[in-house]
Amino acid sequence: MGDFLDLFLNFEIMAKSWPLLAKGLGITAKLCAAVIGLGLAGGLMLALGALSPRRWLKWPAIAFIDLFRAIPPLVLLVFVFSGLPFAGLDLTPFLAVVIAFFLNNSAYYAEVFRAGIQSVPKGQAEAARATGLSQPQAMLHVILPQAVRNVLPDLLSNTVEVVKLTSLASVVSLAELLYSANMARSVTYNSSPLVLAALIYLAILWPLVRLISRYQRGLAAH
Amino acid sequence: MKFLETFFNGAVMAKYLPDLLGAIVTTLWLSAVILALGLSLGLVLACLRCLGRWYLTLPIVAFADIGRALPPLVVILICYFGLPGLGISLSGPAVLILVLAGVLAAFAEEIFWAGLTAVPKGQWEAGRATGLSFARTLFEIALPQAVRLGIPPLVNRALAITKMTALGSVIGVKEILSVSSSAQSFSGSATPLTMAALAYLAIFLPAVILSRALERRFSWAV
Amino acid sequence: MTAPSPVHRRPMLEINRLEKRFGETRVLTSIDLSVAPGELVFVIGPSGSGKSTMLRCCNRLEEPSSGTILLDGEHVTDCRGAALDRMRLKIGMVFQGFHLYPHKSVLGNVMLAQIRALKRPKAEAKARAMEMLEHVGLAHKADAMPAELSGGQQQRVATARALALDPKVMLFDEPTSALDPELVGSVLKVMRRLRDEGMTMLVVSHEMGFAREAADRVVFMDGGVVVEAGPPEAIFGNPQSDRLKSFLARVSKDEE
């Protein structure tokens, strides 16, 4: 037991590695903001494309969504980070991560938005168009607010996935939370920094995960 | 054409194809084991939770929450680098299977449980009223309905988690990404990465398309 | 004994040789129908007779396969894009299923298209919305959400939502058939009042009693064609075709 505490919950080492981890947390936050923001915007565009009656919009959007849902995000990241320099595109780790996860994540958000938009009864769009609202106006003021509310748990759960996803950035040496923790581990020969990182992720994500469960139960009860 | 030479070099492809085929087999069996373990553990946990005993429910909920909130890579690193300090040395594949099956079990438990709570109370009452035992009612009446409800989210989640076998590359598992990454650094060509991306597409694109079809079949949305 | 014929006035709504096909199936065949300003025209007929499709063609929620529709002399069938949106502002529609926006309050429902489509200033839109809610007897529910209202109240809000845009004609698509019987009266009262104020109305409905009492003209459709049309006393009192006779017999049996 003493071994276990010493190796995994060594408060001294945790305290020492905290400044490094805090810096990493800052980068994780920046990464999340960029990927979530871009992912939401891209996902919405893709969803609208996938639901469009115009074939030249619909099929490319669906192909994009399926393609990037099929490729593991880490593979995409390695491809963007180590593959694109061969094509003369040298990206900073941060940019590579943002691009790779934007591609992956917008596909996932697109599926959520698509399900949401499809969950709004057809009569809503008809009522809106019958009162002279244009297609974009009907989408913006009538369909989307209801769509988002209908899939809020899924949007939330996808957002949790994005935060977890950013930990993969450590693989391309971007000094985010996990990378910093692993760095501290290899210097101290002690896993406590990794455990601290895990606790930080838990502190951020557990409330959200609880919220999602309660939401889903609420929906199921109706 | 430089682009083709860089990303689709025939000689490089031929040279590393045997290695890659071996890696594909590894990825496939890892995925199969993770799916089997994760889904069955999730199902067992959801059934145990049905018993309504707090000493079962509490650890199950904690497990499901933590499994959903923690980035898998963090847990993988802790297990791989931390456990040997306690005299527990697990191979890369063992760690990968343990962690990913655990994560899948956490999600599957939540999905099965959400399905079970969505089965109307009258179904349980009808089962018990016709003389079925608790276990029979659970297995023959409630669970089949819950599983049916849970299939679309379950397929999506299982897909996302099997794609995470790529994380094995971080701890030396010879799966597709790690084999192609090392081939890329040996050959100095981006072609092995292209091959990896194509291999993943070949495995997961049919699954993504299948999930779309399943979702259509099982959605009885309003 | 019949009311003065409206033919010498320009019709408010004019449907000429309207046809609608879904693939191979012909739903409407050469419909001719005109509604004079201030006239209340009732369309009756068995379900599947095409009456709702005909109504939905009038504001192009359903695209006519051929034929023309004119509103106050302007072509509805030629409009594209923004011109169609502007045209729809002049054609109010009330649906069987109400289709109130569940995420907006009663007031928000009535204000939305005024602000976004008609570009009215907010204060003016609000004043107009309150006036219309007053008109349908629901001013006190302005801040309620649609889910808190009864079906009849929702239908009256839907009517106010259409009226607030100052349409030239109102289309009613089975406005009472989703309502509990005791709630029908309040909706009919609003429609009666609209007629008395001179609103042009085209109504698809099963309310035979109301048609007999309030309609200026009744059109009987069956199988996608207009079989018979005339003043209510003729349609109900002296039906000519066998199809109308058997329809009326069936309906009166149902009502007993």
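Letters are used for the chains, namely A, B and C, taken in the order the chains are written, and counting of residues starts over at 1 for each.
Keep in mind that, in the parts below, a residue touches a chain if its C-beta (ideal position, glycine included) is under 8 Å from a C-beta of that chain, and two chains touch if they have at least 3 such contacts.
All figures in this text were calculated on a predicted structure; none of them were measured in a lab.
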Worksheet item: Which of line, ring, star, complete or other matches the graph of chains that touch?
Response: line
Worksheet item: Greatest Cα-centroid separation from subunit C: which chain?
Response: B
Worksheet entry | Centre-most chain [mean C-alpha coordinates] | A
Worksheet item: How far is the middle of subunit A from the middle of subunit B, if each middle is the mean of its Cα atoms, in Å?
Response: 18
Discussion item. Could you work out how far the Cα centre of subunit B sits from that of subunit C, in whole Å?
Written reply: 54
Practice prompt. Mind checking the centre-to-centre distance between subunit A and subunit C? Centres are C-alpha means, answer in whole Å.
Written response: 48
Worksheet item: So which bits of subunit A are touching at least two other chains?
Response: 121
Worksheet entry | Of subunit C, residues touching subunit A in the complex | 59, 61, 82, 85-89, 91-93, 95, 97, 99-103, 112-113, 116-118, 158, 161-162, 165
Practice prompt. Spell out the residues on subunit A that touch subunit C in their complex, using ranges where they run on.
Written response: 121, 123-124, 126-134, 137, 141-142, 145-146, 149
Discussion item. With touch defined as at the start, can you tell me which subunit B residues reach subunit A in the complex?
Written reply: 3, 6-7, 65-66, 68-75, 77-78, 81-82, 85-86, 110, 114, 117-118, 159-160, 163-167, 169-170, 176-177, 181, 184, 189-190, 193-194, 196-197, 200-201, 204-205, 207-209, 212, 221-222
Worksheet item: Within the complex, which stretch of subunit A touches subunit B?
Response: 3-4, 7-8, 66-67, 69-76, 78-79, 82-83, 86-87, 118-119, 121, 160-161, 163-168, 170-171, 178, 181-182, 185, 191, 194-195, 197-198, 201-202, 205-206, 208-210, 213, 216-217, 220-221
